[in-house]
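Chain naming follows the written order as A, B and C, and within any one chain the residues start at number 1.
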Amino acid sequence: MPRIVRHVLLILLPVVAAFAILPSVYGNQLLLFNFMIFMTLTQGLNIIYGFTGYLPFGYVGFFGAGAYGFSLMVIHLHAPPLIALPVGGGAAVALAVLLTPLFRLSGAYFSIANLAAALAVFQVVSNPNLESITKGPYGISLSGVFDPTLAYGTALAVLAATIGLVIYLRNSHFGMALKAIREDPISAGMAGINVVRERVIAWLLSALVAGLAGGVFAWYVSVFYPETVFSVEFTIFAIVFALFGGNATVIGPILGVIILYGIYNAVGISTPQYFQLLYGALIMGLVMFLPNGLASLLQRWGIDVP
Amino acid sequence: MSPEPAPLLAVDGLVKRFGGFRALDALSFRVGAGEILGLVGPNGSGKTTCINVVSGLYRPDGGTIHFEGRSIGGLASHRLVHMGINRTFQVPRPFLTLTARENVEIAIAYGASRERPGDAQTLLSSLELAAFADQPAGQLNSAHQKMLDLARALATGPRLLLVDELAAGLNPAELERVAIKLKELARSGIALLVVEHLMGFIDQITDRIIVMNAGKEIFEGRLADASRNPQVVEVFLGDENAA
Amino acid sequence: MFTYSLLAGLLFGLYFSLIGLGLNLVFGVMRIVNLAHGDFLMLGAFLAFWLFTLFALNPVPAIVIAFLVFASVGLPLYYLLVPRLLRAKDPEMLSFILFFGLSQVIEAVTTIAFGTSERSIPGDQLGHAVAAVAGFFAGHKVDTGPVELLGQTFPASWVASGVASGCAVLLVYVYLYRTRLGYLTRAVMDNREEAIATGINVHRVSAVAFGIGLGLAAAAGVFAPFMLGSITPAMGGEVTVTAFAVIVIGSLGNPLGTVLGGIVYGISYMFMQSYYSSWANLLPYVLLIAILLVRPSGLLGRRVRRA
């Protein structure tokens, strides 16, 4: 059977089924929701980092843009959530378009500039001068759209679409082209690949994923401060989960989230400093000894990792 | 008497500067369809820079490049590939994490300039790479990586192929096969510009050569005549590769 | 207000230069992004705080101690982390993540050890030190209060920070341009491969540069309680971004560039605070992005970083 069908059956269906069924078995819907959000974000980061090698240290900026895009549609235009959500995604894509000049920069410069951009967006959004539009530092409180069940279901749909997108990348020429670009942009150019265009497409897709995640997050919680949706913690977690699980694979980010976010919720919340120490040490260990994550370990043992 | 056919590639007064250094200094030459033109010269004379400019890696700072009558100076590499130009790299750069087959497939998928894209398997077989088709390119030895690089370039169906020092590191049997392959390509109508240090290889495959020095062409004609040209001899004095 | 902003900006600018100096040195020599730079500054600040609290040691000797302590930490840390890193396929990005991990570790350990509450050192402590030094040179007792410069008054700590930062910059300049090791360092900064080929012990040069970089961060940390307000274990992140802005504005690899970058940054920041204070927080980020896009080689223009 074609690889892509295999991947869908082995990964996408079980994950979707698990998150669909678990709420009726396990009471903490918020926790499951958070798992889905982080899984979506990590896959989104995977698209840009795993496949093109650029690390957007300000990835949370798209998440926040999505959350605010969604919220502003609801507050000012009284849009129904399912309309406001794509707008949230669109806000993140618009921000990504604005930031495309950053690709002229290499590696670390791109990452720092992207971080600065996200911080700048946060400063703008939370500025008291803009209170009438964005509610400034006082946070957003959405009334009339609170519907955790529907929001949960939508989040699940977003996650499914994202995993589907990564499966497509893993099995398509487009994904192959991205890996080629990551490895050697000059050689990729001589293979006829329009390096700039393909990279930008991956970037916009990655931003869209984060924007939709942000929008559905805003919908689910309905009350949040700017710091919540622009928290650099989202980026950090996504990076660590992706790094741990393994880049440019479908299963890597999923594994990373399940294991590490699982540990976080089991032990980390009560003792945040110890968890910070643990994942700081984990990051260092990974970079030094296993820079391509768990998936690379499996690949070394000859397993074809999806 | 029929008029001379228009050259496939016409380079006129090409200039490329790096800071204050003129790597290409008003270089001019022509290559016709089905012709194999050799490009030789001492180290640093600008041979690879010439290929880099024609293949879109660098923008020219002056002069013109015409391919099939169209000006192409400054266009991005991928556009040139779609127009029918490709090149090999002096140090091969296959995509190490992709298999040999995928290396060729990606070039066919993204770079094919003909309506009927080539077949990866056929191309690999013609370069004796079929056995390695499903191995990651990083596992191939350097000679096979060179052939894979050539396969990648050929996969896009070029009408002009720029070859950058393909012969280095190949054993005599491999050299023979490569020479046959290149002549075969020329017979099918492709124009080749072959940069080389190995004069024996040049002698075997080229009809005509250009000798470069310090970014300019100093001689154009047959290899045999080149070795009698005093300026050429002086430029190569001390170069152990001179035939 | 204009003169005040200008002079305050100059003083803060010199301090920001000091903050950026260590980061610039490390990046210039090893092409490694030390994302934990701000955390070493934080550690220096905490060291100064404890030296003051336990031994009533005023900040001036604390600077020297902080520098020496962390420079000596830097040497083994380099050998532990960097050589392996440089062998990887993409050392710049991986260094980014590696040192980010280190910054999390440092932050976590410090928080566990000291808690999250803010610490501060009374501003007049630095004033006492300045007065003592000034009194020594003037031959009579000098007032410890605010200092007057060109008709504007500033806290003595600001002036002392500015002067000390200026001295540190000069010392680094002397190191790089007047000592043999500094000369080798500049060679490595220029072209690492060539330096290796000419037989320079690149690892040793880099280790020393790394140690100096950390030492400078810690030394800058001593002034942090006065210049940046109270100190907490989590303050490192923002400091690192600021340091990055400074070195990017000023151009990579050139210590004078960092000074220029720091002063430009300091003055811009002060003016923003005075005239558009509600948007002042936006400045470092906008400045950083603008410089990277418009003139990526920085104001002094060397070593463009293009993808």
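To be clear about the criterion, contacts are C-beta pairs under 8 Å (C-beta built on N, C-alpha and C of every residue); 3 or more make two chains touch, one makes a residue touch a chain.
Note that this is a predicted model, so its numbers are computed, not measured.
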{"item": "Chains touching both chain B and chain C, listed by label", "value": "A"}
{"item": "Most distant chain from chain A by Cα centroid", "value": "B"}
{"item": "Identity of the most central chain, Cα criterion", "value": "A"}
{"item": "Between the pairs A-B and A-C, the one where more C-beta pairs touch", "value": "A-C"}
{"item": "Computed distance of Cα centres, chain C from chain B, in Å", "value": "50"}
{"item": "Whole-Å gap between the CA centroids of chain A and chain B", "value": "43"}
{"item": "Separation of chain A from chain C, taking each centre as the mean of its C-alpha atoms, in whole Å", "value": "33"}
{"item": "Overlap residues in chain C, where contacts from two or more other chains coincide", "value": "none"}
{"item": "Residue ranges of chain C touching chain A (in the complex, touch as defined)", "value": "33, 81, 84-85, 88, 90, 92-98, 100-109, 111-112, 237, 241, 244-245, 248, 278-279, 281-282, 284-286, 288-289, 292-293, 296, 305-307"}
{"item": "Interface residues, chain A side, partner chain C - complex", "value": "53, 55, 57, 101-113, 115-117, 119-120, 123-124, 127-129, 185, 232, 236, 239, 243, 273-274, 276-277, 279-284, 286-288, 291"}
{"item": "Partner chain A, residues of chain B touching it in the complex", "value": "55-57, 76-78, 81-82, 86-87, 89, 93-98, 102, 105-107, 109-112, 152-153, 155-156"}
{"item": "Chain B-facing residues of chain A, complex", "value": "173, 176-177, 179-180, 183-184, 186-195"}
